[in-house]
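I've put the structures underneath this note.
Heads up, the next two complexes both have chain A, just with different partners, chain B and then chain C.
The block that comes next holds the complex of A and B.
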C-alpha cells in the first residue's frame, strides 16, 4: 500500500468520524451524557485521523484525489488534498483534537440549561464543513461548503440566543459573512465567465492568461470577500462581536481556525491560480496586513473583556499573516523565488502558531469564564492561586501571542521580520525598501503592544488580590479542560524549540509554488546571496537552562539558602484592599493617551469636591469610540437604508403587485426567448 | 569545542562582571558633575553582594512568579549577553541568534518584570509596569529602525557579520546617514537603559518611576538579581551601540595580544559612552511621561531619513 493510499484512508476516516459525530448526538439527544461522549469522541478521533492524513500528504508530497459524489452531470463532489490543502487540514485537525477534549469538560457549564447534544453535533458539523472548504475542487462545491460553514458557525454563535447581546452579534455576523460570500460568488462567476468551467484544475491552467483588468477585478473581489471573513480591518466589525459571545470552545475554533479558511481561499486563488500576480497585489496585501495588525492591537489594548481582547488580537494576527503573504507576492512578482519562499513560510508558520496559541488562549478565557462566570478582568484577580494550571497554560499562550521566546510565536515573528528585512535589503525600488523598513518597525510595535496587552489581561485577571467574590470562590477547572489546553501548550513549546519539523511541512507547500528553499535549514542557512539571520532556539534554551542551574547552585553555595519572610504588601501605612489595585482600564491608559487622536478616545473625568484640593470622589470613564466604524460604516448603512426606501416603491408588500410583476416578467421572458 | 566553551564562559563572566563597573562610572561621573564626592566606583559591586546575602521579604499576595522572575530575568540577560560581540568580532552564540532574537530576549525579560510588578497588588508596581510597557513598545520600533539603517549596508541581521563589514569599510561609512542613525540610536539607548530624560534611575517617586517602580516589591537576593540584570542590560545596550556604530578596534584575527588590545579599546569606548550618558543626565531634566513618545518618534524619523539616504546612495 502506497503512502497516498494510506493517507486517503486516514482522510476518509476523519470525514466519516465527523459525519458520525454530527448525526449520532442528535439521535441520542435524550441522553445527554451519551450524546456528549459521542460528539466529543468522534470529533477527537476525526481530528487525529485528519492530522495523520495531512502529515502523510505533506511529508510524502503526494496529492490525494477522491471522488465522493456525482451530484449531477458536470458537478462532481470531489476531494483533493494537495500540499496547500493538507497544510490547512493540519491546522484544522490539530486544534479540533484539543477543542474536542476541552469541550468535554466545558459543556458542563450548560448542563440543565441547554441541550449539549446539539452543541456537540454542530461542533462536528462545523469541523466537517471547514475540512470540506479546504479540500474541495470546484467553485460550486467550495461555495456550498463555505455557506454550510458560515451557517453552522452562525448557529453556534447564537447558542446562547436568550441574551440580547448575543442576538445583535449574531445578526451582524450573519450580514457580514453573507457580504463576504457575495463577493466570493462574484469572483467565481467572473472566473466561470472567462474559462467556462467550475473546476479548480482548469483555473490553475487558464486563469494566468486572463487580461489584466479582469485579473485585478477578481483580486479586489477576493480581497473584500475573504478579507471580511478573515476579519481584516476595516471589514472586521463582526469579529470582536461574534467571537466573544460564542461558547468558548467554539470561539477557539472560530478564531484559531475558521478565519484561516479565508486565508486558504486567498492563497488558493492568488498563489495557486494566478501564480502570484503583479507586484501591486502584494503591496496592497502588505498594507492591509500592517494596518490590520497595528489597529487591531490598539483596539485590543483598550479591552477589559478577555474574549474581546483575544478577538481583536485575531485581527492583528490575520494582519501579520497577510503581511507575510503580501511580501511573498511582491518577491514573486520581482522574480526572487527564495525570498518569496521565506515570506510564504513566515505566513504559513504564523497560521499554525496563531491557531495553536489563539486556540489555547480562548480555551483559557473559557476556563476563567467557567470558574468565575465573568470575562471582565476588572472583576477578577488572584486566580493564579485558585487555578494554577489554567494560569500557567494561559501564560504560555500569552507569551506565544506576544512572540516571546521560547514559544513558536517567536519563530513565526522572526520569519516575518526577516522577510521584511529582506524587502528592505534586496527588493528593487526606493519606496519598496522604505516600505519594508516601515512595515518592520510597525510589526515590531505591534509585537510589543501585544506583550503589553497580555501583561494587562494576565496581570489583572490572574495576579494580586481577587476583586469580587466570584473570583475569590473560583476553583480549578475539570481535568479534561486542562488537558485540552495542555495539548496546544506542548505544541507551542515544541514548535518554538524544534521548528525544523514544522518548517519541513511548510517547505512542501512553498516548494510547490516558489521552490528552492530547504525548509529545515532555513533558520541557519543564509537565504540570500549575502548572509541572512540566525535563530536557533534549542541552543539558546540550553544555555539559558545551564546558566540558571549554575546561578542557582552558585548562590546556594556562596550565600546559603536564605530565608524568605512573607508579609503584607507595603501600602503607605494603610492595609491594601482590592480597590487600590491597578485595574485593566488604568493599565492601558498611557498607551491609549499616546494614541488618543488616532483612536478617538472619549475620556470623562468627574470630580466631586467641597474644597478645591480635596476631592471627595473622582470617577473616570474611558471609551474607545472606534473612529473607523463611525466614519466608514455609518455612511454605508445610511446609504443602504436610503436605497431600501427607494426599493420599497417596488417591493411594497402588496400581493397583487407581485403577481403583476410575475406576469410582466413572464411576458418579457417569452418575448425574449421567441 | 573546548575553545567554544571557554569563549562562552569568558564572555558570560565579562558581561556579568563589567556591568556594575559601568554603573559605578556613570554614578561617579554624575556625582562629580553635581559637585558631590559620590560613592566609590566599586559601590555597585558592594551593593549587589550585600543584596545577595540578605534575607528576602515577599508579599503575602505574591505567587510563584515573584520567586521565579529574578532568576529568569537574570539568566535571559546572561544569554542575551552571549549574542552581542564584545572583544572578538563574533559573538559566542552568534550562530544561534541575530539582532531580532536579541531584541526579543530583552522583550521577554521586560515582559516577566512587568508581569511580576503586578504580583504584589500594589499600585506602584502597576504604575511602573503600565508605563514601561507603553514606552518600551514605542522604543522597540525605534531600535529596529536605527539598526536597519546600519544593517542595510551589509544585508544581514547578524551582528558579527555587520561588524566585519563596517570595519572593512573603514572611514567610508562616515556619511550623513551614519550620523543620523547614530543620534537616533543614542535616543533609543537612553530610553532602553531607563535614564533621564526618559526615566529617572535614582528614585521611585510616583511621578517619575518607570523601571524602579517595578522593582519596589523585591528584596534581598531577588532584588540583587533584578538590579544586576538591569545593569547587564545597560551594558548590552551600550555594547550594541558600539557594535553597530563604532566597531573599530575589535579583534578580527585570533591572538592573545589582539584580544588584549581589543579589550582595552572596548573598555575605553564603554567608559566614554558612560560619561556621555552621565553628561546628558546631568544636563537635562526629566521629561513628562507623555512627551517621551515624541522624543522616540523623532528618533524614528531620524532613522527613516538615514535609511532613505542609505538607499539613495
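The block that comes next holds the complex of A and C.
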C-alpha cells in the first residue's frame, strides 16, 4: 500500500468520524452525557485522523484525489488534498483535537441550562465544513462548503441567544459574512465567465492568460471577500463582537482556524491560480496587513475583556500573516523565488503558531470564564494562586503571542521580520525598500504592543490580589480542560525548539509554488548582503554566550553573591486592599493617550470631593470610540437606509399596487413582443 | 354563436365595475362561468374532443355552483351592508376598464399564435378578461372582491387554453380546478379572520400590519 493510499484512508476516516459526530449527538439528544461523549470523542478522533493524513501528504509530497459524490452532470463533489490543502488540514485538525478534549469539560458550564448535544453536533459539523472548504476542487463545491461553514459558525455564535448582546453580535456576523460570500461568488463568477469551467484544475492552467484588468478585478473581489472573513481592518467589525460571545471552545476554533480558511482562499487563488500576480497585489496585501496589525493591536491594548482582547489580537495576527503573504508576492513578481519562498514560509509558520497560541489563549480565557463567570480583567486578580495550571498554560500562550522564546511564536514572527528585512535590503526599487523598512518598523512596534497587551491581561487577571468575590472563590478547572490547553502548549514548545520539523512541513508547500528554500537565507544569515559576507550564526551565538558567561563571572568575582530579602509590600503602614492595585485601564492608559487622535478616545474622570485636596473617590473611564466605525460604517449604513426608504415607495406592501405593476408589465410585454 | 358568448363574457365583466352590492358580483361570476362552460361545450362539439366536454361539466360544477356558494355564504356571514368599496368612483373605473379593453384588443389583434382557427374570436376576449380581472383586484378594496378578480383572471386563462390549444391535459385541468376551489376556500376563511380582527373586509386596514 502506497503512502497516498494510507493518507487517503486516514483522511476518509477523519471525514467519517466528523460526520458521525455531527449526527449521533442529535439522535441521543435526550441523554446529554452520552451525546456529549459521542460528540467530543468523534471530534477528537476526526482531528487525529485528519492530522495524520495531512502530515503523510506533506511529508510524502503526494496529492490525494477522492471522488465523493456526483451531484449532477458536470458537478462532482471531489476532495483533493495537495500540499496547500494538507497544510491547512493540519492546522484545522490539530486545533480540533485540543478543542474537543477541552470542550468535554467546558460544556459543564451549560449543564441544566442548554442542551449540549446540539453544541457538540454543531462543533463536529463546523470542523467538517472547514475541512471541506480547504479540500474541495471546484468553485461551486467550495462555495457550498464555505456557506455551510458560515452558517454553522453563526449558529454557534448564537448559542446563548437569550442574551441581547449575543444576538446583536450574531446579526452583525451574519451580515458581514454574507457580504464576504457575495464578493467571493462574484470573483468565482468572473472566473467562470472567462474559462467556462468551475474546476480549480482548469483555473490553474488558464487563469494566468486572462487580461490584466480582469485579473485585477478578481484580486480586489477576493481581497474584500476573504479579507472580511479573515477580519482584516477595516472589514473586521464582526470579529471583536462575534468571537467573545461564542462559547469559548468555539471562539478558539473560530479565531484559531476559521479565519485561516480565508487565508487559504487567498493563497489558493493568488498563488495557485495566478502564480503570484503583479507586484502591486503584494504591495496592497502588505499595506493591508501592516495596517491591520498595528491598528488591531492598538484596539486590543484598550480592551479590558480578555476575549475581546484576543479577538483584536487575531486581527493583528491575520495582518502579520497577510504581510508575509504580500511580501512573498512582491518577491515573486520581481523574480526572486527563494525570497518569496522565505516570506511564504514565514506566513505559513505564523498561521500554524497563531492557530496554536490563539487556540490556547481562548481556551485559557474560557477557563477563567468557567471559574469566575466574568471576562472583565478589572474584576479578576490573584487567579495564579487559585488556578496555577490555567495560569501557567495561559502564560505559555501569552509568551508565544508576544513572540518570546522558546515558543514557536518567536520563530514565525522572526521569519516575517526577516523577510521584511530582505525586502528592505534585497528588493529592487527605492520606494519598495523604504516601504519594507517602514513595514519592518511598524511590525516591530506591533510586537512591542502585543507584549504589552499580554502583560496587561495576564498581570491584571492572574497576579496580585483578587478584586471581587468571584475571583476569590475561583477553583482550578476540570482536568480535561487543562489537558486540552496543554496539548497546544506542548506544540508551541515543540515548534519553538524544533522549527526545522515545522519547516519541513511548510517546505512542501513553498517548494511547489516558489522554489527550494536553502537554509542559508533562513537561519544562518540574519541580514544577507549581496556579497554574502554575513557572520555565521553559530559563531555569533558562541561569542554572545561566552561574553555573557565572562561578564557574569566578572561581576560575581568583583561584588560577591547578592542578597535577596523577601518581605511584604511596603504600604505606609496601612493594610493592603485590592483597590490599591493597578487596573487594566490604567495600564494601557499612557499608550492609548499617545494614539488618542487615531483611535478616538473618550476619557471621563469624575471626582467626588469632600475636601479640596482629599477627594473621597475618583472614578476613571476610558472608552475607545473606534473612529473607524464612526467614519466608515455609519455613513455607509445611513446611505443604505436612505436608499431603502426610496425603494419603499415602490415596494410599499400594498396589494393593489403590486397588481397594478403586474398589469402594466403585462401590457408592456405584450406590446413589446408583437 | 361564438361572438354572442364572447360579448356576454365581456359585458358581464364590465358590469363588475357598476355593481353596488357584493352579492351581485357573485351572481355575475356564476353567469360568466356558465357562459364559459357553454363556450367549452361548443368547442368540444366542434372539434370532437371529449375532454373539453368534461371540462365544461367541471366548470359548471366548480365555478358556477361551488365557488359562488362559498363566496355568497362568506358575504352573508361577514358583512351586513354588503356595499362594495372602490378606490375611485364607478364612472372612473368603468372608463379605465374601457381603456384596458381597447389596450387588450390592440394587443390581441397583433398576436400571431398557431392553431387559432376556431378560437381567434375568443383570444381577444380572454386577454381582456385577464386585464379586467386584475383591474378588479386593483380597484376593489374588499377581500372577497380579490377572489372575484382572481376567478375572472382564471376564466380568461381557461378561455385562452380551450380556444387556442383546445384545452390542457385533463390532469392539469383538474389540478387548476382544485387550486381554484382551494383558493376560494382560503380567501373565505381569511375573510372571516380579517373581519373578526378589523371588523371590516377592507384590505387597506391590513396596511397597519406592516413592520
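To be clear about the criterion, the second predicted complex is superposed on the first by the 601 of 674 C-alpha atoms of A that agree within 3 Å, B and C clash if a C-alpha of one lies under 4 Å from a C-alpha of the other, contacts with A are read in each partner's own complex, and residues count from 1 in each chain.
Note that contacts are C-beta pairs under 8 Å (C-beta built on N, C-alpha and C of every residue); 3 or more make two chains touch, one makes a residue touch a chain.
A quick note: this is a predicted structure, and the numbers were derived from the prediction, not measured.
When both complexes are overlaid on chain A, the residue A:663 reaches chain C alone and has no touch with chain B. In the superposition on chain A, A:671 makes contact with chain C only, not with chain B. Legend: residue contacts after superposition of the two complexes on their common chain; A:459 is shown touching chain B, with no touch to chain C.
When the two complexes are superposed, the chain touching more residues of chain A, out of chain B and chain C, is B.
When the two structures are aligned on the shared chain, A:655 is found in touch with chain C, with no touch to chain B. Once chain A of one complex is fitted onto chain A of the other, the partner contacts of A:582 are limited to chain B, with no touch recorded for chain C.
Using the contact criterion defined above for the overlaid structures, shared-chain residue A:647 touches neither chain B nor chain C, since it reaches no partner. Of the two partner chains, neither chain B nor chain C is touched by A:72.
Looking at the shared chain after the overlay, A:593 reaches chain B, while chain C stays out of its contact range. In the superposition on chain A, A:548 makes contact with chain B only, while chain C stays out of contact range. Those residues of chain C lying in contact with chain A across their complex are 87, 100, 103, 106-107, 110-111, 127, 130-131, 134-135, 137-139, 141, 146, 203, 207, 210.
On chain A, the positions that touch chain B within their shared complex are 382, 384-385, 391, 399, 402-405, 410, 413-414, 417-418, 421-422, 424-426, 430, 433-434, 437-438, 440-442, 444-445, 447-449, 451-452, 454-456, 458-460, 463-465, 524, 526, 528, 530-537, 539-540, 543-544, 547-548, 551-552, 555, 558-559, 562-571, 576, 578, 580-582, 586-591, 593-594. The residues of chain B lying in touch with chain A in their complex are 8, 12, 52-65, 67, 71-72, 74-76, 78-79, 82, 93-101, 103-105, 107-108, 110-111, 114-115, 117-123, 125-127, 129-131, 133-138, 140-145, 148, 151-152, 154-158, 161, 217, 220-221, 289-290, 293, 300, 304, 307-308, 311-312. Within the complex formed with chain C, the chain A residues making contact are 653-656, 659-660, 662-663, 666-667, 670-671, 674.
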